[in-house]
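Beneath this line is the structure, given in structure tokens, with notes to follow.
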């Protein structure tokens, strides 16, 4: 679907937004604006990574924005992010994406209300809005990390956390990679040191990166603690099981003694032999119990 | 409660402090100073994170200060910090917060004694005082980390430390996050490189951050050491329990031999068979004991 | 094989490309361009590491490019990378390598189409193309790390992963080392701060380095998680095995009791002694089962 | 004890050194030099942390120097460091400390020999000498870390190292914290970028910090290795103990078989039944031994 | 042995090289060049650490170069490095060392061939050559790390690696420390930002440091992996040993049942009792075997 949002007479530059692009629309665009077919082809690959290319008369940007419908087990670039391709020059901005993107509506109405002076300014706001799509998912991931941290530390139930931790780690790593790959775009956008607005976009980008670095560090520590805490619990169980065994070791030995078939074992003929041995074993058990208590093993 | 602390005639700028803000007071403020209603709305969200927004005629700051009554198991933003919202321009400063904040009293008396020349200076002192609220809790956390370190290393009692370590880690992480999110505020405040006072505020901020980085590293190391030390102790216990078992293994085997029902077992008829076997087992036990001693396992 | 690709009259500089260099060709080159024999000797060592040497009238570069045929168990410099030696001055560029390199063809046709103005520009494109040979292998390594991560976290089969992880780690480390050693070359190439093209090459280099740092960190974390997850699974197995043993401990003790040979053991004469003991043991087993269930060990 | 070391007529500034300060001396000083009583009060707190305060007419510094008598189990700020308070202006330097400090003697004689031109220069030498007090303890800590490293790696005796490692870690962390807190002092001292002498002091400070960072990293790694090596040794012991048990498992089972009371067990009546079983068990034991040998478990 | 290598008339500066210095030679030097006796004394201490001291008329440098004969178990400063002391001014360079150093020969012949214009240039080449002595040992250490990595990952033989890893770690740490301590020397040498030659020396120094940082990180990771891999192997052994035990648990219990002495145990009188029980035990064993197989524990 091709949409002429603004024209030269209105704002001094054209903005064409295309979603669900048809073959024909793309061909028409290539011809009209003299775009490189290979770049337009990049627009059609759904899993193309972020990219910045300077051409003689225009620049080409692929940005990946975070999807709005966040599946808990998404761990592929395509599942978590959508591609938006931008052709950009002083004269025009062409945005190509597969689905209608809600966050563009705000921008469209702004441009149509004539609040945008040139294409550079529009591009800056556009990129800033793209970065904004990461804010909500990041806040959600941050909360998820907090939740898992609480579970790992305080609730020693046998919940299978590993899968959840995996998807959390993957998502954080994947978003982080997208941002690192987008650095060139931000860097090219904010090439002029005097521009306050693009500077703000860079600050926004840096803030997102800091949050992701901190999240990545947290999830890494959390995984370590998860394994340590889980190992600690298993070890504690093993200790108690082993203690349990230790109680029966000497008892089984004692009953073994009186199971021997020697002819001359006076105890076997004693009337009180049997209850005596039972008592002996109770005493041994008590003794071991007290020893373990003193050693703080119980 | 709305308080006019200083007016234009006195100091060249107005300062209005509002606590427990009523609907009506806020409406009145919005109208009088032409504030953006969405921002004023932010003031009412108790868990809003630190934020800096530049508007055409004024700036808007949300800062979170550390609460004075520190609960040991607090681990939520709202439990540990209070929000203070600031609208700021050359002409006025409006501070909005939910509870009366003691640290403001000192500032109010200072302004009323006419020791503050412009709103920029006041803002700087205000932010500095906000940062100051973190000093005492940080010192307390630092002491707690030292205490836990001592316990983990030197006192191998079976104290349940994990919960305490969790709250410590959470608090440190949370304060750290608050500070990272406040960076924009400090950066905007100290935009002019020549100003010694705002430079001091930035130094203050950086010092707090360094302390937190160091605390975060310490608690991370401490958790590792805690798990390692705890695992070492469990392993030592397991070793001794296993050694205990090993003593009974050959003994149980020997008594098993003489529990066999073969008709032709000459030892069973010997008069000294029973005491002989008992002696044999004593020798075996001694032998194992000496072997373990030499191997340094006991 | 010696190839004159361009001459002075065409482009203002000469480019000579030599592959599978013969003794004689090299001698001829040394003589004609007055090269240092020791440097030309370096060209013949197949495992020479990246190097940059400034001579009075020319510079000498050894770069290592990634091989195209990637063996899964390659872990030596020579197996993974090929050497390309470059003598370079304003007047000439001489490239020496052992095998024909496909990536040079594109460059050769470009120079022959007269699209290259001076030797400095050619060198820059050449180095950039050399860096490009690392892009595809890096993407492949990145995918391999992702795959191993998924296997380690989600598929607890007993696959022998250690070997695969080793080769992954080795390759990442080795490529990283090559890049670190190439820093001097990039730094010398991009000595003039105003040149946008060499600046792009440096950006390319920095991007590769960032990707490798991130890969190296990932594989390091992955190894830790692999060992932790593997240890967790073994521990779980041990726990269940130990629980299994614990069930038989008291049973073996009970049958031991009634295996004792005391003359006065009334139970032995009871008609219901045998079934009674069997029942007792069933009850004990049930009791232990319930205890373990409540303790969450089963 | 109050000492006038130099006066205005001699050197252009006064230096007053006070140790074991009496109430009266301090009052006299406060009055004469118009000092802030709260700051003088700070001088009397023995555990006050490093601090820098700029007052309108003078500056106030609290520095902590390393004590000369180093107790092995010192782990408190007060046990390891002494406080030295400095009031400083163009006109005077006042140093206040509890005990006589030997390192000051050198400085006093230097000033009295008229080798110091102004108070700024004196302050710089003083701070430099304060930093110097850390050199020897750091060298000692570095040697201790080396020693512990050797013990952990090469001498697997069961020495209780944990306590020693704790005090080492504590001391390193504490000195590190002191230095971090002293940063403001060094930064204020070296405010003028052209001054070579204060630059040297800063270099000195930075060198100490680098050494401490490296020590802190070493002790952190050493703790990890200590726990890993200790765990490895315990595991090896456990393995051998378990192997020991495994030898007796089948033997005890075999003697159990012939302890059964079936009427029709032909072996029980065989003349060679008993020696035959003994031989069988010897064979089983040998078989297990060879199996373990081949598996490399012995 | 005192050697006048060059004089003022030849090169504008004197170079005196002393090896195996005698008391008398040193006294003579002190007197002639007015050197500080304490510094000359430093020359005689074989384990003096790197040092830089600026004196009013000359500078004093202690550098430590790597020894040529590398013992595998060297881990002391003195075993691994030799001291070279340098007194340096515009007028003279005096080098003092204990043994004849081969790497100086090249320098001596260069100076004598009149290729060195001033003492500053000579000092720079000298320091660069000193740094060069670390190149070969570093390459060797790097190969050793690679070798150990391969052994740890791929060859699970029970080789005692810990000792080898210790000496590797020690050497890397020690060289790293030497370089850190030499920073002042390099920094003083390269004080003038315009000098390309000293800049090269600094680059050389930085490259060595990067290589050492990377080696130190590698050996640290390798130690972790070594302990993890070793622990994994022990755990696997323990699992199999425990499984072995588990097979005998129910069997021993069953034979225990028929070892009981109840009068009324009908099975004991059955003709097929004995073979029946044997069969039962075979079935139990098979059942356990299949269960373990399905659980993937075998």
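The chains carry the letters A, B, C, D and E, assigned in the order they are written, with residues numbered from 1 in each.
Keep in mind that, in the parts below, a contact is a pair of C-beta atoms (placed from the backbone, for glycine too) under 8 Å apart; a residue touches a chain by one contact, two chains touch by 3 or more.
Every value quoted in this text rests on a predicted model; they were computed, and no experiment measured them.
A.B. asks: Touching chain A and chain D alike: which chains?
C.D. replies: Of all the chains present, those in contact with both chain A and chain D are B.
A.B. asks: Can you check how far apart chain C and chain D are, centre to centre, with Cα atoms defining each centre and the answer in Å?
C.D. replies: Whole-Å distance between the two chain centres: 38.
A.B. asks: Provide the C-alpha centroid distance between chain A and chain B, rounded to the nearest whole angstrom.
C.D. replies: About 23 Å separates the centre of chain A from that of chain B.
A.B. asks: Residues of chain E touching 2+ other chains?
C.D. replies: Residues 224, 231, 235, 238, 242, 245, 252, 256, 259-261, 265.
A.B. asks: List, in order, the chains that make up the ring, beginning at chain B and going on to chain D.
C.D. replies: Listed around the ring from chain B, going to chain D first: B, D, E, C, A.
A.B. asks: Hey, which residues of chain B end up touching chain D in the complex?
C.D. replies: For this pair, the touching residues of chain B are 149-150, 153-154, 203, 207, 210-211, 214, 218, 221, 224-225, 228-229, 231-232, 235-236, 238-239, 242-243, 245-246, 249-250, 252-253, 256-257, 259-265, 295-297.
A.B. asks: Which residues of chain A touch chain C in their complex?
C.D. replies: Residues in contact with chain C: 75, 157-158, 162-163, 165-166, 170, 173, 177, 180, 183-184, 220, 223-224, 227, 230-231, 234-235, 237-238, 241-242, 244-245, 248, 251-252, 255-256, 258-261, 265, 267-271, 273-274, 277.
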